[in-house]
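Going in written order, the chains are labelled A, B, C and D, and every chain counts its residues from 1.
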Amino acid sequence: MSPDNALYKEALLDHYKNPRNHRKEPFESSYLVARGRNPRCGDDVEVGLLIENGQVSDSGFRGRGCSICIASTSMLVETAAGSTMDELKQLYGQVASWGEASTDLPNTLEALDAVRSSPSRKKCAMLGWNALGEILDSS
Amino acid sequence: MTSLSGAQANLRNLFPRIRASETAYLDSAATTHKPESVITAMQRAAVEGYAPVHRGLYAEAESASSAYEAVREQCGNLLRFKPQEIVFTRSATESINAVAQSFLTPQLNPGDWVWVSELEHHANYLPWQRACQASGAELRVLKINYETGAASAEQIEELADSRTRMLAITGQSNVVGVMPQLEPLIQVAHAVGAAVLVDAAQCLTHQASELARLDADFIVFSGHKVFGPTGIGVLAARYHHLEQMEPWLVGGGMVDWVGEGAAKSEWSDIPARFEAGSPNYIGVIGLGAALDFVQKLPEREVAEHLLRIGSYAHHTLSQLPNIRMLTPASAAATGVISFIHERIHPHDLGQVCADHAVAVRAGHHCAQPLMASLDIPACLRASCSIYTSRADINRLMQALEHAERLFL
Amino acid sequence: MTSLSGAQANLRNLFPRIRASETAYLDSAATTHKPESVITAMQRAAVEGYAPVHRGLYAEAESASSAYEAVREQCGNLLRFKPQEIVFTRSATESINAVAQSFLTPQLNPGDWVWVSELEHHANYLPWQRACQASGAELRVLKINYETGAASAEQIEELADSRTRMLAITGQSNVVGVMPQLEPLIQVAHAVGAAVLVDAAQCLTHQASELARLDADFIVFSGHKVFGPTGIGVLAARYHHLEQMEPWLVGGGMVDWVGEGAAKSEWSDIPARFEAGSPNYIGVIGLGAALDFVQKLPEREVAEHLLRIGSYAHHTLSQLPNIRMLTPASAAATGVISFIHERIHPHDLGQVCADHAVAVRAGHHCAQPLMASLDIPACLRASCSIYTSRADINRLMQALEHAERLFL
Amino acid sequence: MSPDNALYKEALLDHYKNPRNHRKEPFESSYLVARGRNPRCGDDVEVGLLIENGQVSDSGFRGRGCSICIASTSMLVETAAGSTMDELKQLYGQVASWGEASTDLPNTLEALDAVRSSPSRKKCAMLGWNALGEILDSS
């Protein structure tokens, strides 16, 4: 219970304060888009991916949320950039199997690791990822 | 840093967990800690006094039954209902659902009106919404003035419409602390033959005598919010209403004659018919001890303490530059202080508080309709009880300052 | 006079009330006493571990939520259900009512058949009777052979009728101890697409692994009969059934989005949507400790003890000239021994026992249909548990002899 | 908790073993008749009164029950004999206000006093009296 919570690692705060590809305007229709919402706090993010030649050529997100939600979604869009759909699926699988300590996250998601010890923040962290899961399911 | 009066320090000492814990517990609107006397009563009920209720001839069973019934009487006395008008349930939530299902729904017709206030907890909103959806009635929402607790003259006029069947309203908001002025609303509702349920989950501790003075048809509350056990609740209901109601659970202890085949069964007397299954003996005895505790509290001192601590919290928080208070100053004496930070998300604030061992609540507090009317998705709530100290509030301030350093 | 084996003496010592009391407690089928570990767990949950469940970010709230969810997992493991398939209720009674109301009634049509056995407790009879009355379905009653636990071939054939929608049957009679052979009945019911609920209120302690092996759709039980707290019960239900069911209580903690006006609300995930209101934290933690206790009991020794004590009681009672045994010798190992005296009324016998500090139960034991099939209005039941000693049975015999002197 | 329970006083046992005016045959139609039943134990008694010239000229009961029920009903019919309706009403009122220690029962009902300390047997003792109450209500 140290006041310097491991949750708020520098990397996470950096993503929160400078979210990557966070945009105000709606995604154009060429993007694959899905939304994640958390009823407990009203958080609401939308993830958009532009796929060209089987790869993510642009990724971004919109919406509002707590630092964990924003940072996690920002990391998502950063990590997704350039991935193939298969890579995305694998990445999603890793993050989704959250509880199992064994899954190793890529470096760019390392800061998320801290959230694992806080089950009640899992929903916050997963909001954008759930949207990604939906995109993958429906594509 | 602490500045408890002698009496308050004593009250604090009655709570073993509060006494021992490092945490600044500011989540009493969610659930309260238990005084020694309740812990002891539960333990005694589970050991020396343990026996089945209402079902045995032997000494322990008779004592258990008498003790159980004595709590019913105690609840009745507290709220000025007859003992037979007290039904033990698992929670305020079950109590409200029971009234919505067994009392209201069967008499509701398309076009009827059911009123709630915009302050309601989901427990006092969803059951009525469901009753309306099942019957084609309309759920209408009373706005309550935060400063005065009054409804508007226009809405009171609407409430007085002959279509009104029911008013279900909280005695105190679990988010903004506001206490609606119940008496005029009850009079208006009764004048058009509507019944009134008062959700006393938040206000029983400090408003029992006011509640007793009301002419409410139904009063509900939960043990765990009045220093008692979890898993036990109360439904106080006027006898003639209970006579109209079908049992919502059927089983042992509530039937006189089981009908054969298609024959209807004959239910037992009121209130037994509404308490199907083995009674929650430990819960009821713990509740009795909790109500004992509440009834023996020095009323004026408690009110003064809540006023002092609530105002202190309200005042101190109001000083912070980025804070928007949701609880009006006039409701600070309830000790339920909600607010938002203009630039930091409630979840983040709540988390930083947690990291400082300050237990506050972030979220919609099971009051989405209220959040919608405030046009916010969520907020932070610090809620005080008789054991809350200024030191707890000071810890909260430190945590909030830390959050500002972290996030801004 | 006492002749406890070393191990049994130890078991007895784990129960503070049994250890300290002068009463021969022979009413364990009504409710069981609590071992030290359960008392301690409840106390800890009410003090050090106390916090709101599922609603806070601070350490105590997170630990409370994890501990609560761990008991869900424990129940699932015990019965071989997934954790999400475990719903905490107030009692077996609520669990059964929930299935009858939310699962069965909406799919029941006139002419459908719902089966129970003639052994059922009112808790597993009235809810189905009500479902049938609401829908025009027919409640049919399986006879069970007392010696073998089997239903007749004719009735099994009837059960296999395509009209059969549901079979709700006890794992063990709370009066005559008989344990129906469930497996063949479940197969037959499943073959015609009917769901099966097993009322495990009486048999969980000694039959958990057998229950787990069954392919039941629903299993229900109550904490207070398995050495746990009052006011807490379990509904184990297959996920695809839960998906079909509307919440029977609505309120806090079970809704994601509250619909505005007439819009439907969106419920939370399973099982949260079935646990409206503040969770019964103390009850669930106590239940977890009770199941821990049960799971750690030396299975063979417990079975042997119950067999020994049940047979002793059965044998000794059978020797009395005026006694008619209702529990067959083949069910003596359940420890539930019911009988009538040909010339003394059960209430008088029960009273004389009570005067001898022998706690037995006189009455219909919430099983009027069974009483009717036995053609008696009431009977006396002496029910044993792992802490019952031969001395308790001997005390019963003395009391019965005294009753004969008094009344004959 | 003495094994010699005060409940089973000699007078009570005497009434139980030798119930007064306990009959097998139904009452003739000239009798005022009512029934009391206790669902807990299936006890079931019927009380019959023959009123002639404003007085009970015959009283009796039928049915089965525990000793308390039988004895109490036997005492009832014994005490009722010769009473006027007003006297019966007064008597019933005294017995019905059971819980209040202040009510003095007539000598013939003294044995009932013991049952007062056992709330769970009240139903047994009141069975016949409830039937009397019904007779009084409907006459």
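FYI, contacts are C-beta pairs under 8 Å (C-beta built on N, C-alpha and C of every residue); 3 or more make two chains touch, one makes a residue touch a chain.
Predicted model only: the values in this text are computed from it and were never measured.
J.: Using the stated contact rule, I'd like to know whether C-D or A-C comes out ahead in C-beta pair count.
T.: Pair with the higher count of C-beta contacts: C-D.
J.: Please work out the Cα centroid separation of chain C and chain D, and write it as a whole number of Å.
T.: So the centre of chain C lies 38 Å away from the centre of chain D.
J.: Would you mind pulling out the distance in Å between where the CA atoms of chain B average out and where those of chain D do?
T.: 47
J.: Rounded to a whole Å, what is the gap between the Cα centroids of chain A and chain D?
T.: 79
J.: Spell out, as numbers or ranges, the residues of chain A touching 2 or more other chains.
T.: Within chain A, residues 1, 39, 118, 121 contact more than one other chain.
J.: For chain B, jot down the residues that touch at least 2 other chains.
T.: 56-57, 59, 61, 255, 257, 347, 351, 354, 357, 362-363, 368
J.: Who touches whom among the chains?
T.: A-B, A-C, B-C, B-D, C-D
J.: Report the residues of chain B in contact with chain C in the complex, numbered from low to high.
T.: 16-17, 20, 23, 27, 30-31, 33-34, 38-39, 42-43, 46-48, 50-52, 55-61, 90-94, 96-97, 121-123, 125-127, 129-130, 132-133, 139, 222, 224, 229-232, 248-253, 255, 257-262, 264-265, 276-283, 347, 350-351, 353-354, 357-363, 366, 368-369, 372
J.: Quick one: in the complex, what on chain C touches chain A?
T.: These residues of chain C touch chain A: 56-57, 59, 61-62, 65-66, 255-257, 266, 268.
J.: Can you list the chain B residues touching chain A in their complex?
T.: 345-348, 351-352, 354-357, 362-364, 368, 371, 376-378, 399, 402, 406-407
J.: Applying the document's contact rule, which stretches of chain D touch chain C when the two form their complex?
T.: 1-5, 7-8, 13, 16-17, 39-44, 64-69, 118, 121, 124
J.: Would you mind writing out the residues of chain A in touch with chain C in their complex?
T.: 1, 39, 118-121
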